[in-house]
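So, here come the structures, one by one.
Shared between the two complexes below is chain A, which pairs with chain B and chain C, respectively.
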Partner chain A sequence: MPRKFGKPTDPDYEARLAEFEARIARGEKIEPGDWMPEEYRRQLVRMISQHAHSEVVGMLPEGAWITRAPSLKRKMILIAKVQDEAGHGQYLYHAAETLGVTREEMLEALLSGKAKYSSIFNYPTLTWADIGTIGWLVDGAAIKNQTMLAQCSYGPYSRAMVRICAEETFHHKQGKEMVITYAKGTPKQRAMAQDAINRWWWPALMMLGPHDSDSPNTPTLVKWGVKTKTNDEVRQEFINEHAPEILEAGLTLPDPDLRYDEATGNWVHGPINWDEFWAVVNGNGPMNKERLEARRRAHAEGAWVREALAVYAARKQQTAVAV
Partner chain B sequence: MDTQWPRWEVFKQDTPAKPHQAVGSVHAADPFHALLTARNVFARRPQAVSMWVAPASAIFSVTQEELAEGQEPKPPAPDPRPSTFYVFRKTSHKRSMTFVDYVGELEAASPQQALELARQRFTDAEALAWWVVPASSVTKSENSPETVESWFAPAKDKTYKQQSYYGVVGSHVSKFKRPRGEDDE
Partner chain C sequence: MNEQVKQALIAKLTALADDELILAHRDSEWTGHGPILEEDIALANIAQDELGHATVWYGLRSALDGSDPDRLAFFRDAGEFRNCEFVELPRGDWAFTMLRQYLFDVYEALWLSAAARSTYSPLAEAAAKVVREERFHLQHTQAWVERLGLGTEESRRRIQAALDEQWGYAQQLFVPLPDEALLVAEGIVPDLAEVKEAWLERTTEHLRKSGLELPLQPGYQPASRQMHTEHLWSLLAEMQSTARWDAEAKVW
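Right, the complex of A and B next:
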């Protein structure tokens, strides 16, 4: 575990910082136990734990549809996807733990409402088409961000991202396949797919974070190789891939200003409603209260399992000692 | 707030020809619970033949940086009797997917002695980090073909968990990219 987190007041801080930044410039990974600035550690713990919470809370909107999947095949896919999200939360909590934060602290922060998680999971899943749309748009946006983070200078986070990206491509692909299937289906199926795209498009753009001009952490994170692209760059990549695909599927996007710019090769979007984004981030989205309550309930209802396992482990240890 | 179970480091072997590698950790009440959780977290896709777990508190880990500065962390309380230690080593920070890999075992009287012996014995590559683990703290998944099959093979049949199962859906993304060199014309 890392034991050395440098503070600017340390006598050797400047020299060590220069050495640290040179390592990052050479493309080396920073590993647990290596010297790192306290600020690097703080930013990583913030990002990784938020990311872990997002995976855990992200199980809720989708999990709600497992029993209502329209076929066994779709049900197996959805179960596997939700199971992956649980695993991703676990990888990420572990990566944060290598920075000296404990699982207890992180869970406490989530359950008390202190911790943030991705704004996108505070929107409701109203129809089955939302499940496909989450895969295509929400996981599509997440992959853009995570592919960038797989290059991260902190070894454990980058490794978690490499593994997660490999699995997320399945989430993305199954969602895209589902929505395109419905877009080619009956008028009712097409309407359901269109309605889902209309509701998820803007939240998907927002989940990639505030504009660069409103993202004070970005320059430091880019300098230390935690992020290699800004929020706006990642958002642009996402739109450039997804806008033409959705239009080709015969669906429309709920942005009257959206246009292809020949000069830059970019799809240019209209203004994003950041008031909505901040309201959701600050706890006033449509589902914030329900999501947190569901997590708290699950934690409380699982207490007997934790207690039973702890007692079983203690008894086995006693028996082993007695033998 | 109740406390979570102890943390266990997980060592995964991808193929019989590869070493066990430290892939991350899980929280669990006992070693078998740790193995089961490790399988669910780290082997949902077909890429494992064996897994080991060890309580994080039993692992003596030291970086090259700490050795150079004479600032080794305190080792876990040693077993009073000489015992077998497993030695793991990380030799590259250059890429993302580099791990603390199993290199071998040795007999020593304490974790510190095991580390000293390891530094003398495993000299074929520069070590950036060492992990020394008492063999008695390590719990392994069974090696019998039946267990390996039942633990790790089912993931192979779940092809719908691979993105390739879905083939090319709609147009491939490359269709929407501008051809290279367009600006130069």
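Right, the complex of A and C next:
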């Protein structure tokens, strides 16, 4: 199965590209080993590995609250949730590997700061209500994006998304239930829930990516069926679902301009602070250094374990051959 | 069941649950910080199972005295916990965590297999269910002990150091509670002396096979579950911080 990544300088590039685009237009999935433009491969590796890194880094802000969960049930749910995120990281790394990149290369890119991960995980989790709010808003935003990506033209990514979405939907429900419970709880619980919504609302809108006008990759990705909607479209869907639910829970949103537009049926939001978004994306958010440092530390502290595992496995294999 | 036996059983269930809860806490501290992503998943799974077992034992206690498992976990002070010191020790490195989990898993699998024949049917049923999960943990941690013992010089040194430190503490798993003999006499719980014999045989064989040496001096061996290490207070301060933050909260 010769894997073929076409470059515009290849003699048959135009013909192959036309055939490739026709397949996508017919709704066929592109599978590992099929011909694809190098640029398609590059964009997918970028997106899938970023997505995998987001799952792995995303374990940190929530994982930090496992030891502080306020009931046995919540503790159990949270460990299971963070474990699911590790599992998502695992399928996504596998999906990216089908494009000829190794897990080690991807991890190296993450740890060196070259690869990105979702901007949202560079915000701190300050109270327990952040755990519910992350489930409701962050997983809610992720689901909008992932439901779109489940239609993606690349088979392994699309299938990983279908599986991940099913689990995320569960996390989203649990998060929403938690925040609504606290909104109806004691004054302290309620204040904690409101504070968490205030802090996470804008970052959740931003995590869906820059405005379409500032998203240079979007048109090509849409043409090749990698993305089937633009960032702004997905963001609008997210707001339309979540804004009324949060208001209905008796909480407020930190956007004085937010209003329902009868004519379009959309909830219209006020201006997004893109300076903040770019600062976070470029490494200057509140937790960027700490998150990356935590990953580096875990990787460095695990080096002797991985080495022992490799030596042990090699020795086992040798023994097996000798026998 | 007479009152004295009932009280003894409540005390035993509390000790069992507290061991699992505190061990799950230590294991869960690794979530997101494991040496390999696959191990984050496996250890999170073990932590969930141990937490699940804690819930089972608190639940059996609740059936006897109407206590609320969440109150027991989040509103008791360190001096009221009845876990052994072994499970309180900080997580240490990967070798320390894997070895502790292994030594605990062997004990738990043996104890549960015997408890599945308990004359107290709620305990027998719970033990029969839980023992299946323990077999999976045991396979996993047993394999890690061997890999680290027979891996590199460094991994062997680390796991040997963990063994030297833990061996004495682990013996506390086999120290009966003051009234435990009443429960053994009624066939409600297994005799820890018998469990210990099987545990020693099994762990000794596997540790030797993994290139490790049992410490000649067992070191400090805690004897009473009324006593704790200096670590428990801070562990609980963290674990209980959210639940105690709002004394009026009815629901979490």
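Keep this in mind: the second predicted complex is superposed on the first by the 321 of 323 C-alpha atoms of A that agree within 3 Å, B and C clash if a C-alpha of one lies under 4 Å from a C-alpha of the other, contacts with A are read in each partner's own complex, and residues count from 1 in each chain.
The rule is simple: a residue touches a chain if its C-beta (ideal position, glycine included) is under 8 Å from a C-beta of that chain, and two chains touch if they have at least 3 such contacts.
Note that the coordinates shown come from a computational prediction; the quantities given were computed from them, not determined experimentally.
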Is A:Tyr312 in contact with chain B, with chain C, with both, or with neither (first, second, both, neither)?
-> both
Looking at the overlay, does A:Leu72 come into contact with chain B only (first), chain C only (second), both, or neither?
-> second
With the two complexes superposed on chain A, say which partner A:Gly265 touches: chain B (first), chain C (second), both, or neither.
-> first
First (chain B), second (chain C), both or neither: which does A:Ala320 touch?
-> neither
First (chain B), second (chain C), both or neither: which does A:Gly155 touch?
-> first
So, A:Glu301: does it touch chain B (first), chain C (second), both, or neither?
-> second
Could you say whether A:Gly87 touches chain B, chain C, both of them, or neither, answering first, second, both or neither?
-> both
Determine, under the contact definition given at the top, whether A:Gly33 touches first (chain B), second (chain C), both, or neither.
-> first
In the overlay, work out which of chain B or chain C sits against more residues of chain A.
-> B
On chain A, what residues does chain B touch that chain C touches as well?
-> 76, 80, 83, 87, 90, 303, 306, 309, 312
In the complex, chain A touches chain B at residues 1, 3, 23, 27-31, 33-35, 73, 76-77, 80, 83-84, 87, 90-91, 94-95, 97, 102-104, 107-108, 150-151, 155-156, 158-160, 162, 166-167, 169-170, 172-174, 176-177, 180, 240-241, 244-245, 248-249, 265, 303, 306, 309-310, 312-313, 316
In the complex with chain A, residue positions of chain B that touch it | 1-5, 7, 23-27, 29-30, 33, 40-42, 44-45, 61-63, 65-66, 71, 73, 90, 93-98, 128-129, 158, 160-163, 165-166, 169-171, 173, 176, 178
Sites on chain C touched by chain A in the complex | 25, 28-29, 31-38, 40-41, 44-45, 47-48, 51-52, 54-55, 58, 69-70, 73-74, 93-94, 146-148, 150-152, 154-155, 158, 238-239, 241-243, 245-246, 248-252
Going by the contact rule at the top, pick out the chain A residues touching chain C in the complex.
-> 56, 59-60, 63-72, 74-76, 79-80, 82-83, 86-87, 89-90, 93, 128, 181, 185-186, 188-189, 294, 297-298, 301-309, 311-312, 315
